[in-house]
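Labels run A, B, C and D following the written order; every chain starts at residue 1.
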Amino acid sequence: MQNYKAILEEIYTDGLNATDKGTVASYIPELAHIDKNNFGIHLKTLDGIEYGAGNFNTPFSIQSISKVLALSKAMALIGESVWKRVDVEPSGHPFNQLALLELENGIPRNPLINSGAIVIADILLSHLKNPKEDFLNYVRELTSDTNINYNLEVAKSEKNTGYKNFAAANLLKSFNNLVNSVDDVLDFYFHQCSIEMTCSQLSNAFFFLANKGYCLTNTAHLTKTQAKRINAIMLTCGFYDEAGEFAFEVGLPGKSGVGGGIVALLPNHFVITTWSPGLNKKGNSKLGMLALEQFTTKTKLSIF
Amino acid sequence: MQNYKAILEEIYTDGLNATDKGTVASYIPELAHIDKNNFGIHLKTLDGIEYGAGNFNTPFSIQSISKVLALSKAMALIGESVWKRVDVEPSGHPFNQLALLELENGIPRNPLINSGAIVIADILLSHLKNPKEDFLNYVRELTSDTNINYNLEVAKSEKNTGYKNFAAANLLKSFNNLVNSVDDVLDFYFHQCSIEMTCSQLSNAFFFLANKGYCLTNTAHLTKTQAKRINAIMLTCGFYDEAGEFAFEVGLPGKSGVGGGIVALLPNHFVITTWSPGLNKKGNSKLGMLALEQFTTKTKLSIF
Amino acid sequence: MQNYKAILEEIYTDGLNATDKGTVASYIPELAHIDKNNFGIHLKTLDGIEYGAGNFNTPFSIQSISKVLALSKAMALIGESVWKRVDVEPSGHPFNQLALLELENGIPRNPLINSGAIVIADILLSHLKNPKEDFLNYVRELTSDTNINYNLEVAKSEKNTGYKNFAAANLLKSFNNLVNSVDDVLDFYFHQCSIEMTCSQLSNAFFFLANKGYCLTNTAHLTKTQAKRINAIMLTCGFYDEAGEFAFEVGLPGKSGVGGGIVALLPNHFVITTWSPGLNKKGNSKLGMLALEQFTTKTKLSIF
Amino acid sequence: MQNYKAILEEIYTDGLNATDKGTVASYIPELAHIDKNNFGIHLKTLDGIEYGAGNFNTPFSIQSISKVLALSKAMALIGESVWKRVDVEPSGHPFNQLALLELENGIPRNPLINSGAIVIADILLSHLKNPKEDFLNYVRELTSDTNINYNLEVAKSEKNTGYKNFAAANLLKSFNNLVNSVDDVLDFYFHQCSIEMTCSQLSNAFFFLANKGYCLTNTAHLTKTQAKRINAIMLTCGFYDEAGEFAFEVGLPGKSGVGGGIVALLPNHFVITTWSPGLNKKGNSKLGMLALEQFTTKTKLSIF
């Protein structure tokens, strides 16, 4: 058995000493103030091992990482019907995501880009009784932790400045790929993205995807096939424009968020979460990407 | 001197007998019910000749034709500053106008496509004291006709279904190319497009562009240079995806609207307006395009 | 009557004194060595007035200006059939011309962009008995000047380095929009572009387009309608990405070449040619554009 | 242990009975005549199990599958330097691959699309002493089978009709991303694609990628890391426009060819090859895709 603790500590120390820690995203005003020296790593294996280093217990805005959980809930609710409204192909360029959506008649490339996640939010809004409450409870159940909440300030901040999301939602609506009103869907979507979690909470929340659909309490939240498929989508689409790079360098399914978090997992083995708010040019956490690269290099663990 | 009357009547008769009169636009519900057998032509020359045929005194929704008048007002208000926020190049494909806007960082290709006209509306909103009232008065003054109004039902109808325009406005806002709020700008824009005029009113309204900036009452609304430039923009950008075709077949500056109107003009000579609500595949009035082609063929009058 | 001589001399002096004379195109090695201080202007009116200033009698590589003459010959040969293989719409971005060609299934946007001109070259190759000889004779006839020739070094230089043109021609071939072999078509095309002419020769060559199809010797080379249509295409498509700008600022149909030449004309009035090899960012002659802007501003002559 | 034999036979029988067997590619004339009732499957596990069903010993044109072997050789020759000239991101739309190449300044998205594979061919041409002979020997060594050859007729057929590849190669050349001449590179590339192999030969050839870089004879052809990375690229980029779909439905790294072959593998476990020449709309073998979907469903084996 590998000495995960030593490896994680080594990686953590390297990260702390990195001279270039990236740039904190400024387009969401509420997130612009986070200190980029924050750095946390947390590993949880299916056989019960758990290690954390640095700020792994500090809550941060999970942002796009929430898209995976929203997709899971949508698949649990309506199964394969999800794929009538969103595709599963990588998207390439993030800079022209509206262009792609226009060209492809309002069917988003995949559920992990904004336009796709907005369609998923629309599905949840249609199928959950109390959407915001129910979705938060779903995340709490997955995590076995009731101490998880929306950050209402962040949600409001995005609502006031998220013009590109309003553009995408209106474009979806123009193609009849949004059932609810643009305002209702985005209100839900901005809340979903505003959830705050720590590295250890995220490792717990994603445990079911490494564990054939069964969460920490052994409750089935997805079928084994559904869990596999979400992992496949994370691998091919989880890192914006850098999905290929991540598969190439790290070799694990995962998802990053603009808040600086990354969750990655090796099916049947472990979940690993990193957090550092400085981003690289492609919008993924600079230290997080490096840490995960080193982790799979040192442990020689990857799906390939 | 040419026998305009005989020519117009011949063209009118040909149009009436056409078997294919195009398809009435259905995306604006309020316009979907107009009878496509409507057909009117009206000619006004600078030396005082005026002829009309068919439904040239029936009001219709001028829609995108209003973009030329809004541009004129914006140029009158802030002059060359307009061009800091919108370009003057033809746009090509209408189907991917958001793609272009994304690629070109929120600077619309020209002021006669929707995104460009939304920027112009934003300018008017910032510089007019009572924007809707003042713009309507401007159109009435140009036309020397107080009997011109917004159609509030049409404006409301567009507001409720104009998702692509909301998408474009939000995208502009995300690039900081919209000063006022999306809702305020589009409220003004939808009113502007909802103006109803007859063929003869439109010929009168556009008279100043054929007449070096001087309207019917000899008031200067633009400098000679500004009038020329608007004519140049109409020629290169006035017919969506068919601007080149129109220049090629007709050879006059002009502007079409989805309500089925077309205004065209020969500088220093005449303005001609047609209306027939059936559109061709590119979104321009089927009979109007044919009528104008025939008119310049028969009269041998064009800018080329 | 205007004092053209005084105006041209004033413009010429302004050009000579300009501090920024643009950048000589370097992608055709043979053209990279031309001194950018060269500057010539030549005007020829239909009523027989003719003025020249500066290097108006120095031959230069006409490059893309030849596309207009090739198009004229193709229209004279096969008439409207030309439009089955090439469209008449402005193209916008030059940087993605292959993208457009791909998207539009091998039908070039217009005959004045490279891909469109290659299709025209293919037509000439199919319909001329001795293509290179016949085309040169056509240009000599239009100009009433047998002292015009291909520059074989320039043609060869382009053949060895014109990879983008080979890419375009192969793409056209893949869409079955090239009858002859890629090598044969491009050999002809590179010769066509390599023709050398002076400003005064170009004014003479384009005289027929200002004169309803009749050249200097009063021979009809095109019908009046065909001449008008070529003028319309020049106006909407003659200046790469800057066609709208040229229409807006200058207001004349015209065509520029990467060798630094520009020909523009006012139908029924005059042809004006400028040459200065320094180009602006969009690939059009820096001094030429300025000179033509000033000319139409000072003379108040334009089609609008 | 699973009963692979029973599973493969069941899948084979289902395939034979399928009513829709796709459409044989017609753009390579030499391949258009293959009977689409051909269907073969072959499995080889790392622990020595081997099964075949149907036409698994019939040679077919491996076409794009060769890109993986060419990439392997290039990585073995120059290591990470490969990535200076080609990226590792999925490409999305195949229909506009030249558009992407233009937009991204001549750096192909990944080495498994045509433009990327042409760059790899250029690398091999520069680094192999006798390129065609050496590459063939490399494939023979990987496979432990000297009975593998180019099909010269197919290579010639592609050379005469492969205009899109000539377009791509010239575009690469225009961006200085091709060292050798277009003709030399494509001559090599068309030979590489023309290699004929059987399902069982392909399983043998790809064995090293499932086996940490070691081929059947236990010779190391790549490092473990390099093998992993090629698997990552196959997963994200191996199926044209359907890479996400394949990851989603099948969950294995793999590569398809227009000749109807597909190779897929589970690292450390097995290689599986299918062949059936009828293609689906996206250009991948219809029966092959179905067979691989069923195989991973029935065996519950995938990287996720």
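Just so it is clear, a residue touches a chain if its C-beta (ideal position, glycine included) is under 8 Å from a C-beta of that chain, and two chains touch if they have at least 3 such contacts.
On a predicted model such as this, the values are computed, not experimentally measured, just so you know.
Student: Enter the minimum step count from chain A to chain D; a value of 1 means the two chains touch.
Tutor: Between chain A and chain D, the shortest chain-hopping route counts 1.
Student: Compare the CA centroid of chain A with every other chain's and tell me the farthest one.
Tutor: Chain centre farthest from chain A's centre: C.
Student: Based only on mean CA positions, could you tell me how far chain A sits from chain C in angstrom?
Tutor: 55
Student: Quick one: chain C and chain D, Cα centre-to-centre, how many Å?
Tutor: 47
Student: Mind checking the centre-to-centre distance between chain B and chain C? Centres are C-alpha means, answer in whole Å.
Tutor: 32
Student: Two-or-more-chain contact residues of chain D, please, as numbers and ranges.
Tutor: Not one residue of chain D touches more than one other chain, so the list is empty.
Student: Can you list every touching chain pair?
Tutor: Result of the pairwise touch check is A-B, A-D, B-C, C-D.
Student: Touching chain B in the complex: which residues of chain C?
Tutor: 87-92, 100, 109-110, 224-225, 227-229, 231-233, 235-237, 241-245, 247-248, 251, 253, 267, 297, 300, 302-304
Student: Which residues of chain B touch chain A once you look at their complex with the stated criterion?
Tutor: That would be residues 95-96, 98-99, 102-103, 163-164, 166-168, 170-171, 173-174, 182 of chain B.
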